[in-house]
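What follows are several structures.
Consider the two complexes below, in which chain A is the common component and chain B and chain C are the respective partners.
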Partner chain A sequence: MCLAIPAKVTALEENDMAVVALEGVKKRISVALLDEVAVGDYVLVHVGYALHLVSPEEAARTLALMAEAGILKEELDEIAGSEA
Partner chain B sequence: MKYVDEFRDGELAGTLATKIRSEALPDRTYHLMEFCGGHTHAIFRYGVQDLMPDNVKFVHGPGCPVCVLPVRRLDDAVELAERHGVILCSYGDMMRVPGTKQRSLIRAKADGADIRMVYSTIDALKIARDNADRQVVFFAIGFETTTPPSAVAIRQAKAEGLTNFSVFCNHVLTPSAIGHILESPEVRELGTVKIDGFLGPSHVSSVIGSEPYEFFAEEFAKPVVIAGFEPLDVMQSALMLIRQINEGRAEVENEYTRVVTREGNLKAQKLVSEVFELRQSFEWRGLGEVPYSALRIRDAYADFDAEKRFDISEKQSREVKSCECPAILRGVKKPTDCKLFGTVCTPDNPMGSCMVSSEGACAAYWTYGRFREPRKTAREKAGKEVAA
Partner chain C sequence: MLEGKVEITLGKGAGSSVRHDRTVNISPVLRGRMPAEVITRISSVYGVCANAQSHAAVLALESAMGTVADRETASARALVTAMETLRENVLRIALAWPTFSGNEPEGSSVRPVISYVSRVRQALFAGSDPFAIGAGCMPDREAALAVIDEAEALLADRIFGEPLEAWRARRGLAGLADWCALRGTAAARMVANLNEKNWIHLADAGREAVGLPEAGSVAAWPRLLAGNTGVAPFASQGGVPETTLFSRRLAEGAVESLNSSGLGARFVARLAELACLPAEMRLLLDGQGEPRAMTGSDDGRGIGMVEAARGLLIHTVTLLGGRVDTYRIVSPTDWNFDSRGIAARCLATLDGHDEADRISLAHLVVNAIDPCVAYEVRAA
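Now for the complex of A and B:
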């Protein structure tokens, strides 16, 4: 019910409607809940409505934050390596 | 798929698991409640629990809208279709949930009631336009994610002058439910579970923002991390919670920044508050009556309120007696503690809502964990005996 999927807006239509593409599958949804949306934006689609824009910058930042943990793994590997 | 695949990356999951193992203190346990059923499914589907050290445990919360709807409201919907002869439009999740005497919407449909499964309120409006001589009722359920679409539909119906369309409103609010889990005396009597921190809702928060949880984190001194629904989001959020717990902090942090902001979707909030207002109280399955935890349609839109348009009778609704859904929803019991689980109650023949919904804990255990859990329990038992 609260599950939603990120999809790319491919066309804007009248009456607050838009077409989104999901890996090539096209779907007509409502963008009535968004203030601003442009072709090329990624939106979170839920029960036929775009709930929110997806921020590419924040997505990249989160992934980078997750990857930061990698430094520690390398350190641990080094310690393990030195013990062996 | 962009924004999905990269948050399911196995290698990155390994790195996060290492980090979590190194930061979780071995001399304590971490009970993290994931409020949303979407998180429960991510945890099971991707084996996130198996990547956690034994002292980091996920407690499954009540965030499954289909599961928390009390049986009486479902019986009311069946009545609308059968006695009042309306076309009842429902989201698919709701169709197979058993009501009193195991009557579900799909059984009522088989018996001749006009019940249509819709994907969106947009479809329900179209059905109303196409059937001008029939009354069409949209069975609105869900948390803050499905509420704005219902608000848009009601406004649209008013703008078009659709006199045969109304909404049976069962929308509920997430923050009040989280608060209730921690403070309600009834829940305390029924048994509560230790919770050290919360994984906050993903998409609900995209609408309401992270701000509504701030009061709650402060008042109950429990950390909250708003978490995305992908497995790496869950792991990163668990790590953020472990850090807060270790440092003695109880703050609202946001892991899901690609979609959630502090203020949320203001346009959606405005639409919702224009059409809906707070109910003084609403019954939740598993939590009982929760004050100010649900919405009803405002008087300005009373013409579109199915509860005002139709005379819905008082009824004695009953769930299947031995179904443990209520305790499972509070996190007090696990699906495998229920004697119906996996025998009498399966997704093909569900006895309770938690087995039906794609967000229900029983459905998650059945689909992804039913063979693993008994083995794990046996292993833990054996380990204890060896230690003794």
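Now for the complex of A and C:
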């Protein structure tokens, strides 16, 4: 029931790791739960793991809702606090 | 976080405190919206348990609108939510439990679980949204059964290391110790680790305030939950009731036979949930199961209640001219991390331990109650 935030994959690394970016913030996450992922994909990120792919449209819609609810900045701060 | 953050302070002598900061009210994002739009918005914002959230939302909205789903659709919706519960608990075990004994998370070993919810949705609702207002199921029984069978096989192989019925037949600490000795899964290692440290029975807060009030009074709940009073109207001398996998599964043999409400019983309850879910999903598919969801209305308020991955999830709504006027979500966190909730009561039992152990135990208490909640532990 917790929040997950969409982010764009900017680099793939060894050992099922990847770097995602959102609003200029970068974070290293695990993509071990995904069958396939490519640079440029949007993924839903929760506690350091990509849970599944989302379309760019769904990512934009979710980010807009999070901003409207006043929680996007807090989520970004939290991601920045655990910067890769 | 939408559900706020939990701050735990471990005091010396003066006991511990739990502070749940409810930072965000979802209501403004939903006010003035049409019911169908509410479902979409909730599903987008709550990405992790989107199905349980959408399920509670549609039950609340449909009851406020005076409609009710047919029994087959209600069962199919419950099956989708149950599969999401299975997925979430598998993930929390695979990702977190190995780390408590210094090992790496085992996410890739349970990767197939990610696909189960979308596959069971497709099998039961043929690509349409199960939680749309007025949805009707179009079940492909064989396809749904195949997903459930696959989920059970994954549980047997990666979580239990033995058939689910064999695990469910285990009784007492001796039965679980035997399982730990025979099976090398992360779950078995977790229970073995607790046992080796003699931590199985720690953090036992008793069962006085364990259960929520009877569901028979559900119609009165929206009024009790309204406003800023939170879950306080439900508190008794024993504290605020809990809604966890332990309270849901305490009658299950492996849990009940531990005769304890300590850490071990709480972690075993998470396993009991997983061990029970495939059979319960088959019953739902055959029209014999009871959906773990309730709905009702009172004085224009609709209420939807769903047993989700971490406990009971409640949505309440009022409509004005067909649009949302007020909306409230009461999550398991609201009950369990209330200052008089189960987390506080468990932590209060740890006063006699040294600081390092208390911090380790506090992390275990939080994970046993709710492996998803955002929290900090501080020693005063």
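Everything that follows uses one rule, which is that the second predicted complex is superposed on the first by the 54 of 84 C-alpha atoms of A that agree within 3 Å, B and C clash if a C-alpha of one lies under 4 Å from a C-alpha of the other, contacts with A are read in each partner's own complex, and residues count from 1 in each chain.
Everything that follows uses one rule, which is that contacts are C-beta pairs under 8 Å (C-beta built on N, C-alpha and C of every residue); 3 or more make two chains touch, one makes a residue touch a chain.
Not measured: the values here are computed from a predicted model.
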Q: Figure out whether A:Leu3 sits in contact with chain B (first) or chain C (second), or with both, or with neither.
A: both
Q: Counting touched residues of chain A, say whether chain B or chain C comes out ahead.
A: B
Q) Should A:Glu14 be classified as contacting the first partner (chain B), the second (chain C), both, or neither? A) neither
Q.
Just to be sure I follow: which residues of chain A are touched by chain B in one complex and then by chain C in the other one?
A. 1-6, 30, 32-35, 44, 46-47, 49, 51-52, 58, 61-62, 65-66, 69-70
Q.
List the residues on chain A that touch chain B in their complex, please.
A. 1-6, 8, 22-23, 30, 32-35, 42, 44, 46-49, 51-56, 58-59, 61-63, 65-67, 69-70, 72-73, 76
(Q) Considering only the defined contacts, which chain C positions touch chain A in the complex? (A) 1-3, 23-24, 26, 28-29, 41, 44-49, 52-53, 91, 95, 105, 107-108, 110-111, 114, 308-310, 313, 331-332, 372-374
Q.
Which stretch or stretches of chain B touch chain A in the complex?
A. 1-4, 6-7, 12, 14-16, 18-19, 22, 36-38, 63-66, 91, 93, 119-123, 141-143, 145-146, 148-149, 152, 201-204, 206-207, 228-229, 232-233, 235-236, 239, 255-260, 265-268, 271, 357-359
Q: Would you mind writing out the residues of chain A in touch with chain C in their complex?
A: 1-6, 16, 30, 32-35, 44, 46-47, 49, 51-52, 58, 61-62, 65-66, 68-71, 74-75, 78
